[in-house]
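Below, chain A partners chain B and then partners chain C, in two separate complexes.
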Partner chain A sequence: MQKLFATIAVIITGAILLNAVEDFPRFGDPHSPPNSGVSGGSVSSSVHYLQNTYLDTRVPNVVTAVLADYRGYDTLFETAVILTAGIAVFAILRVVRRKDEEESTGSEEKACSGEFSTSDSDGEGRHRVVVGTACRVVVPLAQLFGFYIIAHGHPSPGGGFQGGVVLGTSFILLALAGGLGSALGRLREDMYLRLACLGVFIYAGIGLLSLFFRRNFLDYGALSGLLQTGGEEMARSHGIFGVELGVAMTVTSVMFALFANLSTRGELKGGL
Partner chain B sequence: MMEWIKTTIVPHFNFWIYVVIMMLGLWAAIGKNNLIKKLIGLSIFQTAILLLYVSMGVKEGASIPIVDETMGEAAVDFMAQGGGAAGATAFPINPDLFANPLPHVLMLTAIVVGVATLGVALALCQVIFRDFGTLEEPEILNQIQTIQDDV
Partner chain C sequence: MILPLDIILLIFLVIAAVVALKLRDLLGAAMVFSTYGFLICLIWAEMGAVDVAFTEATVGAGISGALMIATIFKTARKSSD
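On to the complex of A and B.
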């Protein structure tokens, strides 16, 4: 019965939406309203971004500049949403035990000591030679690639969100290959929680810095007084980079926090 | 029939595909009983929205929205010579050569926030499974009903 109602509702909604499809612009039309503005109206914001981004910020990648500068408020609070999601998962799932209970379960301390453990962290000692060795080769490369994506967000596709996800994935790979203990040995829980908060703090801090130069919040052009080189345009470019670093920190640690809590039901022990 | 497909579907095929994918997701979200299957439906729904936005920013014969350094420097020189008032036709950066950056920006953040919210949803599902021992919605509702009847 429920499925019948669902089918009817979906068919009606779909029919209404398909009826409106006629009025949408043709696929790939460079002069459609979303791409170049309504005819007779003012120039659309996307055309403004394309024509002025390099002049304003000296950043060739328009997406990065729009993300971190023109729409800085949006991205600041998106980052805050990601941090909130990380805190929410922590609040919902995390089981915190007292120290003496912790010790009675035993065997965990060894896995958390930072050794690259190829044995299962529940002490069964199943050796994963192939996976462990492959992981040892792939993880540094993945992290290097993540930093490359963050650092080259200006002239090529990339930035804080993308690079942060790659970095977070490298820690998840570590956890999958050597047990969660070996990943937590590299990035402890208190460290990733601090890192997530530090990312949002860096972002908001760079925005607040421009207030001290009597300019608007998140107006990185004001930082030229601090950096002393290249004028306001280069100051915006550097400000965008700082902001991207903050975003990357938050995304990296929240991705890993989500995996660590979800895969162990908040115990942060054993893992998959 | 072929004529109708050519004139109606082909110029707008991205919108047809997005409606179909979105309705698949909506059906899963309201027609399925399992909470995980509902989440999968919501993810499919979200993917359809991403497709809608990104496909609207496509321009024929355009490249990715990264301005060439030489083209950018030409624009800087152009502005330095006071050419801003001369009009957009002579401007060195032609917007038709680059895909629309705005949908990419909006969807870039939407994807990451989607992953974060999916994580919260999965955490809630784990807690529900721990407390009720099931993820089937009718069974959960039954258990809640019996708890309320006891009180």
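On to the complex of A and C.
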């Protein structure tokens, strides 16, 4: 019975959605408001941004400029949402044992020594030679690529979020290859928790700085005097980069924190 | 937009969606769900939304699969319903 009702609800919703699709302009229609540049007699916002983004911010990639500058509030709170998700998972899953309990559950601290080791405490290391060697090659490249995506968000697709995810994935790869301990040795728990908060702090801090120059929150153009740039355009470009760095910090550490907590049920020991 | 490529991608997308829902084996379902994310990424890239495609490639096809697999290893592998 429940299935019948669910099917009927899905069919009705699908029919409504399909009906609404007909009202969309066709893909690439030259007369649609975004493409013709006119909506109801006035210039449409998409054409305004396409024409003025490079003049305003010196950022060739319009998407980056819109995300981090024109809609800076949106991205700030998106980053805050990611931090909140990380904190929620941490609060639900993380198990902190007392010292005396810890000793009775076995000594796996050796794996946390920080060096890249393909062996871990339970003697499975011999089976991980292939994976470990592959990761030794892939992880540095992945991290380099992550930094490239973050730094190259201005002229090409990418930015703090994508780069942060790639960086976080590289730490996950490290955890899969050499046990969670070897990854935690690189990025300790207190470090990634601080890094996650620091990212949002950097973002909001750059926004707050412009308040001191009697401008609006997140108006990076106000920083032109502070950054010694010639005009406001370059200041906005640099502001976008600073904001992207903050986003990348939060995303990197939250992604790794999610994996570390999920794969060990919050014990941060052993691993998969 | 290349129409034949679009149609092929959309067909695979529907297949991946149905398989991801119908599979009892949760590990397999997670893998198929990653495939679904990758197909969406391809469709977005093909429509010219490169930034969105990039995000989908990293999040949808990449890290969400890893997180789901990590979760499945710590819970029951088969769905009970």
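Just so it is clear, the second predicted complex is superposed on the first by the 254 of 272 C-alpha atoms of A that agree within 3 Å, B and C clash if a C-alpha of one lies under 4 Å from a C-alpha of the other, contacts with A are read in each partner's own complex, and residues count from 1 in each chain.
Going forward, a contact is a pair of C-beta atoms (placed from the backbone, for glycine too) under 8 Å apart; a residue touches a chain by one contact, two chains touch by 3 or more.
Remember, predicted model here, so these are calculated numbers, not experimental data.
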Overlay on chain A: chain C relative to chain B, clash or fit: fit
Touched partner set for A:60, first chain B, second chain C, both or neither: first
First (chain B), second (chain C), both or neither touched by A:7: first
Touching partner for A:28 - first (chain B), second (chain C), both, neither: both
Superposition-derived comparison: chain B or chain C, residues of chain A touched: B
Chain B versus chain C as contact partner of A:46, first or second or both or neither: first
Following superposition on chain A: angle at chain A, chain B versus chain C, Cα, nearest 10°: 40
First (chain B), second (chain C), both or neither touched by A:157: both
Touching partner for A:224 - first (chain B), second (chain C), both, neither: neither
First, second, both or neither for A:253, with chain B first and chain C second: neither
First, second, both or neither for A:182, with chain B first and chain C second: neither
Chain B versus chain C as contact partner of A:262, first or second or both or neither: both
Shortest span in Å between Cα atoms of chain B and of chain C, once chain A is used as the common reference: 5
On chain A, positions contacted by chain B and by chain C: 27-28, 61, 63, 157, 159, 161-162, 165, 255, 258, 262, 265
Touching residues on chain B, where the partner in the complex is chain A: 8, 11-16, 19-20, 22-23, 26-27, 30-31, 33, 55-62, 64-69, 71-72, 75-76, 79, 88, 91, 93, 95-96, 98, 100-105, 108-109, 111-113, 115-117, 119-120, 122-124, 126-127, 130
Contact set on chain A toward chain C in their complex: 27-28, 61, 63-64, 149, 157-159, 161-162, 165-166, 168-169, 172, 255, 258-259, 262-265, 272
Chain A residues touching chain B - in the complex, by the definition given at the top: 2-3, 6-7, 9-11, 13-14, 17-18, 21-22, 24-32, 34-36, 43, 45-47, 49-51, 53-55, 58, 60-63, 66-67, 71, 74-75, 78, 81-82, 85-86, 88-89, 92-93, 155-157, 159, 161-162, 165, 251, 254-255, 258, 261-262, 265
Residue ranges of chain C in contact with chain A within the complex: 1, 47, 50-51, 53-55, 58-59, 62-63, 66-67, 70-71, 73-74
